[in-house]
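Here it is: the structure, laid out below.
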Amino acid sequence: MNSIDLGTDLGGLVLDSPLIAASGVWPMSPALWPQDTLPGLGAVCSKGLTLEPRAGNRGIRLWETPCGLLNSIGLQNKGLSHFIREELSLLLEPGLPLVVNLAPESPTEIDRMFGLLEPRSPDLAAVELNLSCPNVDKGGMAWGRTAQGVASATERARRAWPGRLWIKLTPQAEDLGETARAAQDKGADAVVAANTWLGLALDLENRRPVFDRTVAGLSGPAIFPLALRLVWEAAGAVNIPVLASGGVCSWEDAAAMILAGASAVELGTGLMADLSLPGKIAQGLKEYMNRQGFGSLKEMRGAARPSKGA
Amino acid sequence: MNSIDLGTDLGGLVLDSPLIAASGVWPMSPALWPQDTLPGLGAVCSKGLTLEPRAGNRGIRLWETPCGLLNSIGLQNKGLSHFIREELSLLLEPGLPLVVNLAPESPTEIDRMFGLLEPRSPDLAAVELNLSCPNVDKGGMAWGRTAQGVASATERARRAWPGRLWIKLTPQAEDLGETARAAQDKGADAVVAANTWLGLALDLENRRPVFDRTVAGLSGPAIFPLALRLVWEAAGAVNIPVLASGGVCSWEDAAAMILAGASAVELGTGLMADLSLPGKIAQGLKEYMNRQGFGSLKEMRGAARPSKGA
Amino acid sequence: MPRANPLESRARLVKNQTLGAEISCLTLEAPWIAGSARPGQFIMVGCAPSQAGAPEPLLMRPLAVAGVEGGLVSLLMAVKGRGTRFLAAQEPGAELTLRGPLGNGFSEPKGPGLLLVAGGLGAAPLLSVHRRFRKRKDLKIDFILGVPGKGFESLVDLLAQEIPDLQVFSDDGCMGAQGNACTALPAAPDEVWACGPVPMYRALLDRLDPGVPVLVSLEARMGCGYGGCLGCVVPTKQGNLRACCEGPVFDGREILWHEFH
Amino acid sequence: MPRANPLESRARLVKNQTLGAEISCLTLEAPWIAGSARPGQFIMVGCAPSQAGAPEPLLMRPLAVAGVEGGLVSLLMAVKGRGTRFLAAQEPGAELTLRGPLGNGFSEPKGPGLLLVAGGLGAAPLLSVHRRFRKRKDLKIDFILGVPGKGFESLVDLLAQEIPDLQVFSDDGCMGAQGNACTALPAAPDEVWACGPVPMYRALLDRLDPGVPVLVSLEARMGCGYGGCLGCVVPTKQGNLRACCEGPVFDGREILWHEFH
């Protein structure tokens, strides 16, 4: 049974495992990578990078909710140039495929950021273009809410970038299927469904929002049924691979994402709660596939969809 | 401290308590009402009613998720005429203010349903017009997704109904603030933010969706931070009262909803998990108000909003 | 006019007896339930740890009343998922939230004969029937229990101790006779009350004379247990009826089995 | 190149000692932590019951290593919210998930004098400092502990037993002298290591000569504990730094206190 292959083909990019450390939860230096997490992981995503360095948001950045986590990090990072100069080569050393998450703040920043990264394109598994960060004023989710916004950002990125281009969508989209289709139409290689859900927390004693920016992004098991629905919608709307992101914290969750049509599954908050999650999911998936007679992830993918299933 | 008054004024409708049993979780016959729940409750909502009797959806109707509940009941009810004839007077007997939840399937059904109910208008605290049920093919959420849909349904209802009119909004709205404003502009007396969130569950062993209608509505503590954000948005968008609905299962949750601007708080899934919830919330609210020096709910309402707070 | 008594309260776990690896017998101090529960009624049991915070798992679990004695209520429970696993791990002294008694329960037996047919843990409500009516002189009760096999020894022992003429069948023949609860049905029982899996009900209804009254206790996913959420409905000739109010005990011939999931 | 050892593992609770109503001393069998933890490092402790299902509460809780002995790690914990309430209720034999050791910890004391200033449970990491270095002949360690008052008797006793010249202050004077940890600071200590609430740090920095090196151990909400989420950052003159990696021990004069929530 351990002979079952968890390899997944993301439009030509083949990963040993469909499990990817999501953007924003994984250290930017391999010296800090918990080795507990590596078995089972097929790739890692960088923190969301901006053109200029960003200090991130002030005040409280994390707030626990029932089975969930609100965050307002605000894309703290040292800027893309610093990343390329100081961090990228280090991140490649361990040999795990690397996805770079980019969060431009304007159309011209799209050009400049992909331009800066272009020489390194052969080294990267993909760029994940983040049109969905809820915790910044410029860029981020503002693009992702409408099909038009996604189309224009994707088109611009596509022109500037010869490598693989994934578009990370937002649950706050008016219609997720539409935004997924817009990404596909403009040449994206895959879509990621999705980023965090806009939530709020209040500080009762001080009678004010917990977060400086008032709203924050909800992740974790609480959102799993919602994220699964988005993956279902996205996989129904496009032919390019769909990556799942949202609340996965067990092999059952990962299996459901794949049955709904996902080609890969990103793990975010689930890793914070359990470092050995990738290994556990990989094991659980293999056992499940064995029981169900799935010979490969490809066979399993979308098997719960009416078109494909029984 | 028990002298603190939890009375709330919903645009002229005064309730002894801001806590309301939400639509769809409360028996339609007072003989079945658990008395544990009555202390603390200010009003009760009927199940969603349609013009014709509905058998509701087939197959599994409930599915537990992390801190949440997916439901696909599908508005099972005996029809509005049966309700008026057989159930309404009984429901009024205990003396608790009664809100009738109506779920018309078409514009003409709006006219007919409010027409049927009109003679009883003096008996009812309000009608809650459900533009947000995710579990039916016609009506429901389809209206609620756009401001235009909400505007036309509200306008039609307003013409047909002399009593209080609340519009129950959907989280699946493109922009909740817009739909709330549309309801206000067309004469609604209050908006309810909001109904359930569209989710999905898969049956791994049988490789198919758990629910016959594939998607279902997510409720319960998992969605609380999301619902709180919607209430915040709605209260920022309109001047009419906002009722909160989504995930409330403690006095802290209810307090946050009120601080965000809610005039009343509906309890749905929380009641299923704890019958004495209204009493506990009422007690917790009084103690909190006392500690914070709030003399009335009116003072407390919206106190965490920048316009009103410190 | 609302229900007269509180439905829900905390109750102390008095005993937690393991009957094999996957079955537990829980005894709880719940006088308000013990005093009024009828055989066939059930309770909902909270399975969320009591540390303040969000209830997880969210829903209470329905379990049949298997017996009452003084102020004590006993339950026979298969360990299935996380709710029942939590309950099985509780130690005496723990406090649990109980809601009930709920549902219609069985009516009075008409007699003179009553055949009880249990599949696995379906024994629970029928045990309470037996305990309630075994002393009635005008009633002859037969009790057939079908179990899968290994793992059910202690459950069978527990029942056999109380019910001398218990007829046991097991799929693999390791206890009692080989077969299932429907293998050796009497020709024409006066009345049959059954609790077990759906295939057992179908076999039962197939094999019994259409004139024999058959009551079945059905399992449905439950939200509230008190008739509010309509999550537990069962398709019947009278429409979708709530297992928690109009059931869990139904006339077996009224159920639309082909629609029952 | 990744971290050499596993960070996370299950550990058995060996002892759970109550120190008054709201403080517990937990002893855990965690050789992989005991073997490598430096004073001032911390661990994350899982607080979700282990029944399968969604973890609730979701996040692990950061707690300082208060001592190590053989393969055992001890923690001194105030019971605050649902996570620490869960931990305080665990009985010996229970298994908990631990992640660590995490953070930078304190460096080697430069000597010849080291003043430790603890506010309340801030005693935990400083106790491990004292335990580690108390035998160093070339080092004179002073330990000042400030507590609010009632409820902290047992904590004070525990420390006083190990630290003969412990100086205790309490707000109400019910233990030691009246005052707080900063009431009677020596004129010019060689070096100060402190752990306590923010107002204590501010008072400390105010009162000490600007030339005295002051290290502080800061509390920040944590998500991952291993440097991934950037949820725990602290505003410093060098920018926002992670309390779980670059901290929790910082140069007190580098912190932008007015921005620290």
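Lettered A, B, C and D in written order, each chain numbered from 1.
As a working rule, a contact is a pair of C-beta atoms (placed from the backbone, for glycine too) under 8 Å apart; a residue touches a chain by one contact, two chains touch by 3 or more.
The structure presented is a predicted model; accordingly, all values stated were derived computationally and were not measured.
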Discussion item. Spelling it out: a chain qualifies if it touches chain A and also touches chain C; which chains qualify?
Written reply: B, D
Item to complete: List the centre-to-centre spacing of chain A and chain D in whole Å, with centres computed as mean CA coordinates.
Response: 35
Worksheet item: What is the distance, in whole Å, between the centres of chain B and chain D, each centre taken as the mean of its C-alpha atoms?
Response: 46
Practice prompt. Please work out the Cα centroid separation of chain C and chain D, and write it as a whole number of Å.
Written response: 52
Worksheet item: Using CA atom averages as chain centres, what separation in Å is found between chain A and chain B?
Response: 34
Response to the item:
Expected list for chain A, residues touching two or more other chains, is 66-68, 220-221, 249
Worksheet, complete the sentence: Where chain D touches two or more other chains simultaneously, the residues are 53-54, 56-57
Worksheet item: What is the shape of the graph in which nodes denote protein chains and edges denote touching chain pairs (line, ring, star, complete, other)?
Response: complete
Worksheet item: Taking the complex as given, what residues does chain D use to touch chain A?
Response: 1-8, 46, 48, 54-60, 97, 99, 221-224, 226-233, 235, 239-240, 245, 259, 261
Worksheet, complete the sentence: In the complex, chain B touches chain C at residues 24-27, 29-36, 38, 47, 55-56, 58-64, 66-69, 71, 73, 76, 93-94, 220-221, 249, 269, 271-276
Item to complete: Report the residues of chain D in contact with chain C in the complex, numbered from low to high.
Response: 49, 51-54, 56-57, 82, 85-86, 89
Practice prompt. Give every residue of chain A touching chain B within the complex, in rising order.
Written response: 65-68, 70, 174-175, 197-204, 207-209, 214-215, 218, 220-226, 228-229, 232, 247, 249, 252, 255-256, 259-260, 288, 292, 303-304, 309-310
Worksheet item: Across the complex, what residues on chain B touch chain D?
Response: 66-67
